[in-house]
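Following are the structures in question.
Two complexes, one shared chain (chain A), two partners (chain B, chain C).
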Partner chain A sequence: MSTHTISSHRPAVAGAAFWWRLAGVLALLALAAWIYTRYKEPIDLLIAWTPGLLASFVLNIVMGLVAIAVATVGGTALGIAQCSPHRRRATLARQVTLLLRNAPWLVAVFYLMYLVPYEIHVFGKYVFVSDWLKAAIGIGVPASGYMSEIVRGGIRSIPLQQWEAASALGLDRRQILRKVVLPQALRSMTPPWMSLYCIVTLSTSLANILGVEELMTSISLHLAGDPRPELLLPAHAYTFIVFFIYIYPISRLSRRLEKKWSLKE
Partner chain B sequence: MSAALFPAGAAVREWMVEHGLNLTILWDPVDGRRFMLGLLLTLALASLSIVLSLAIGVAGAALKGSRLAPVQKAVAAYVEVFRNTPLLAQMYFFFFGIGSLLPMVVNEQGEQVRLLGGFGWAVIVLGLHSGAFQIEALRASIDAVPRSTVEAAQALGLSQLQIFRQVVGPLALRNSLPALSNSIAQTIKATSVAFAIAVPELTYACNRIWSDSFNVPVMIQILLATYLLLIGGVSALMRAIERRLQMPGVQAA
Partner chain C sequence: MSLSTPADSRQIVIRDLVKSYGSHAVLNGMSLDVRQSEIACLIGPSGSGKSTLLRTINALASVDSGTIDVCGIRVTDQEPDLLTLRRQVGMIFQSYNLFPHLSVLDNITLAPLSVLKEERGPAEERARALLEKVKLTGKENAYPGQLSGGQQQRVAIARSLAMQPRVMMFDEVTAALDPETVKEVLTTIRDVAASGVTCLIVTHEMRFAREIADVVHFTNGGRIVESGPPAKIFSAPEDSRTRAFLERVL
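So, the complex of A and B:
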């Protein structure tokens, strides 16, 4: 990014930036080649394991989607309540938000895991609640505290005149929120919402601690079946890389949108 | 310590157990010690890794302002890697991956152990993790000092170092307090992930207690409440510092 701006202002530096970049790419290639020769066998093994490992990463993605759904629904309700004209309701919503934001996610996952039974009685039927679903909800609940702040910030970013103009048109509070304020706030809420999705998906790895068979558990199981010390470093680097490849583009897009949309206002 | 903490006698204890409040940490010396040790370890983990993350944050923010493109790139790469991967994966990577490459040493009990144990790695990983966030926050608070203020200081004939120490630094420090308070809270929360590499901090201690004493429902509430009190207390303290340092007429950025 920065090299672009430098080169557009000062063409003389462009040559230097090009050489730096070339040197960087060459250094990375050399590093990759060195790593491959050093860890050839483990890397080949990891590549052979990849289909199974990626299948377990799908569970991480599904858990992330469930968690962000929970956070979005719960957080939007809380965020709107935080902006409520009823002082007591607003205070209560603010306190709940603070509580959710301050709870460690791992403890929240434990909470759901141990205190929600594995079968729930709904409409005369026993519904089985699997561990991964509990873990996903356990991540989504504290995340809704963050969502609540995103929604509150979004609502606050809309000028008061919008409220006044809408109520002059005869809309009630609910209509104003739904038809005037929230649609406009969507733009400022989307980038942080995407970052929250990234954080939530990264946190699904916590389910590993509770034995849900997601990517990291799957890696550990593979490692347990093939206990060689030289496998440890490459295998744990592998989870790093898989998560990074999935998350980095999303978080980059989120930042780009944030920059783009904040410039327009 | 358990007897000192809970002198009220067997009757109250019996009543509590009967009503599902099997708070073994109050009367069982083993559980009590585990809990207190866990609390201490959580505090130690949090404070050490915050110090480390601040050092990383200051160094990184300074390097990010460097004119050399590769230095900037390296800092940016570090930030991206640590922000876009799970903390748990970082813990595993450092503890099991890099930790397995460290030489063995003999500890006080005469056992063969790795040079750096779970606690050491947890401090390093938590420090690196929140350091990545600290760099951005510190950089933003330096950039939030108005350009005109720096120009005014230059016009007064202050040197570069004087400007940083006497004008930009103090203002940036005040700007950074809300973000710092937030990152301290984040770090305290994150220490619970050290559970995964068997550091006997608060979460791990409580997990051991509820597995041994079969009091999951009570202990999990205590665990959550302890974290909430801890973070609430630190946040209140930071707000008080913010108010104390607030300069009249200057709004926090």
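So, the complex of A and C:
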């Protein structure tokens, strides 16, 4: 009898959560509808611009991927060097990490913009380095300072006994890192790495200052062609929403992985 | 030079080891000889330097002064040949220290594959044979977290044997185990010892030491106080400190 009441209650409780969620979605839709009726003209205009704007947002995504690739490769090397038994190497890596972590990203982007020539001579060929690529690398370089700390933390989280057991078997430092320590540290490094990816992607809008035609620049260009001050706020709200829709699921996933993996251990 | 003469079958030669942490001397003039195929047990109170001694023998810990020679390698040199040393000396730890992200089979084949550069086929074949030896056939694909302490420790022994060492060191390998699983691990060590590998065993299992050892060394205050065959050490100890220790533990 009592079990019956409990089991019949459970779906009801789950149902309540569902109804609340539905109510929330409906409220949001109502709000959106109200805003739309209020600002019909600018919103219609933004919707008309959307295909072009989303095309330029693709550039933000590509820049984010290039930047996280640079940060991952550079930061992993730096993070491993920070844990080196050679004291000099470790100190140098720590200082470089500190420098990168304290460098304003915009300044790094500026430096790369002006220091790297627009074409590079590689293997007898001239390779054109486009501005978006320079900007992406400019974001990736300071981000590698954060990656360096993520990797250092991951390596430090593995107990010393694992190093001892592996060295007693004859593995050298490189082999221990590759086969024993880093595979185990991967779990604790993944959630912060995903957060770094989110931050890096958000920062790609910095490239707008350098004339790279990403989402922010694209919006500004549209605004310049249609000079109406009342468009300014909705247009920037629009970029906010586009970034949010892309970043939010990744950030949620990162949180969930962190929770799940910390519970298991 | 004396090491190469056939009459001298000493595989480990340790002279006057000193190692201090701050003002505390963990090893204080430790000297020890271990012959080939000998089963040597180290007994003594906690903190008397037994575990530290093992860790210095395969260069996991450094020493302040003194010399260690293992299988013709001077471990206490500035830059000893660590690879050769560790291929010849296996070590089993109290806390097993298996690699939790690898299956039992991968734990055993990791070193043969990456250090000895063996082919995967023969390496796995040998790993299976070793698992049979430690009576864990069928656990090839299990992960360390799914095994009991005794089973994990036996995998650790198989993992070490996969490198075909000439010396095996056991550092209080049953100290972290449930009483009922101690026996299965001791049986495994007995099998290893019977195969002719030189064994250096740090243990608190006095009955086991008495039964298995060729020589028992009693350590106290960072040095060896008394050595001899188990019958003598356990029945008629000469040193008063040995006597006092045995009275407490037996």
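Simple rule for what comes next: the second predicted complex is superposed on the first by the 235 of 265 C-alpha atoms of A that agree within 3 Å, B and C clash if a C-alpha of one lies under 4 Å from a C-alpha of the other, contacts with A are read in each partner's own complex, and residues count from 1 in each chain.
By definition in this document, contacts are C-beta pairs under 8 Å (C-beta built on N, C-alpha and C of every residue); 3 or more make two chains touch, one makes a residue touch a chain.
Quantities reported herein were computed from a predicted structural model and do not represent experimental measurements.
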| said: On the A-aligned overlay, A:R38 touches which partner chain: chain B = first, chain C = second, or both, or neither? | reply: neither
| Given the touch rule stated above, what does A:R228 touch, chain B (first), chain C (second), both, or neither? | neither
| query | Just chain B (first), just chain C (second), both, or neither: which does A:L169 touch? | reply | second
| request: Considering only the touch criterion stated at the top, classify A:R256 as touching first (chain B), second (chain C), both, or neither. | output: neither
| First, second, both or neither for A:H86, with chain B first and chain C second | neither
| note | Partner touching more residues of chain A, chain B vs chain C, is chain B
| query | Does chain B (first) or chain C (second) touch A:Q184, or do both, or does neither? | reply | second
| After superposition on the shared chain, which partner residues are touched by A:Q161: those of chain B (first), chain C (second), both, or neither? | second
| For chain A, which residues are in contact with chain B within the complex? | 2-3, 6, 17, 20, 23-24, 99, 101-108, 110-111, 114-115, 198, 202-203, 205-206, 208-209, 216, 229, 232-237, 239-240, 243-244, 247-248, 251
| query | Which of the residues in chain A come into contact with chain C in the complex? | reply | 161-162, 164-172, 175, 179-180, 183-184
| note | So, in the complex, the side of chain B touching chain A is made of residues 69-70, 72-73, 80-81, 83-90, 92-93, 96-98, 100-101, 185, 188-190, 192-193, 195-196, 203, 207, 216-217, 220, 223-224, 227-228, 231-232, 235
| If you look only at chain C, which of its residues touch chain A in the complex? | 58, 60, 82-83, 86-87, 89-91, 93, 95, 97-101, 110-111, 114-115, 156, 159-160, 163
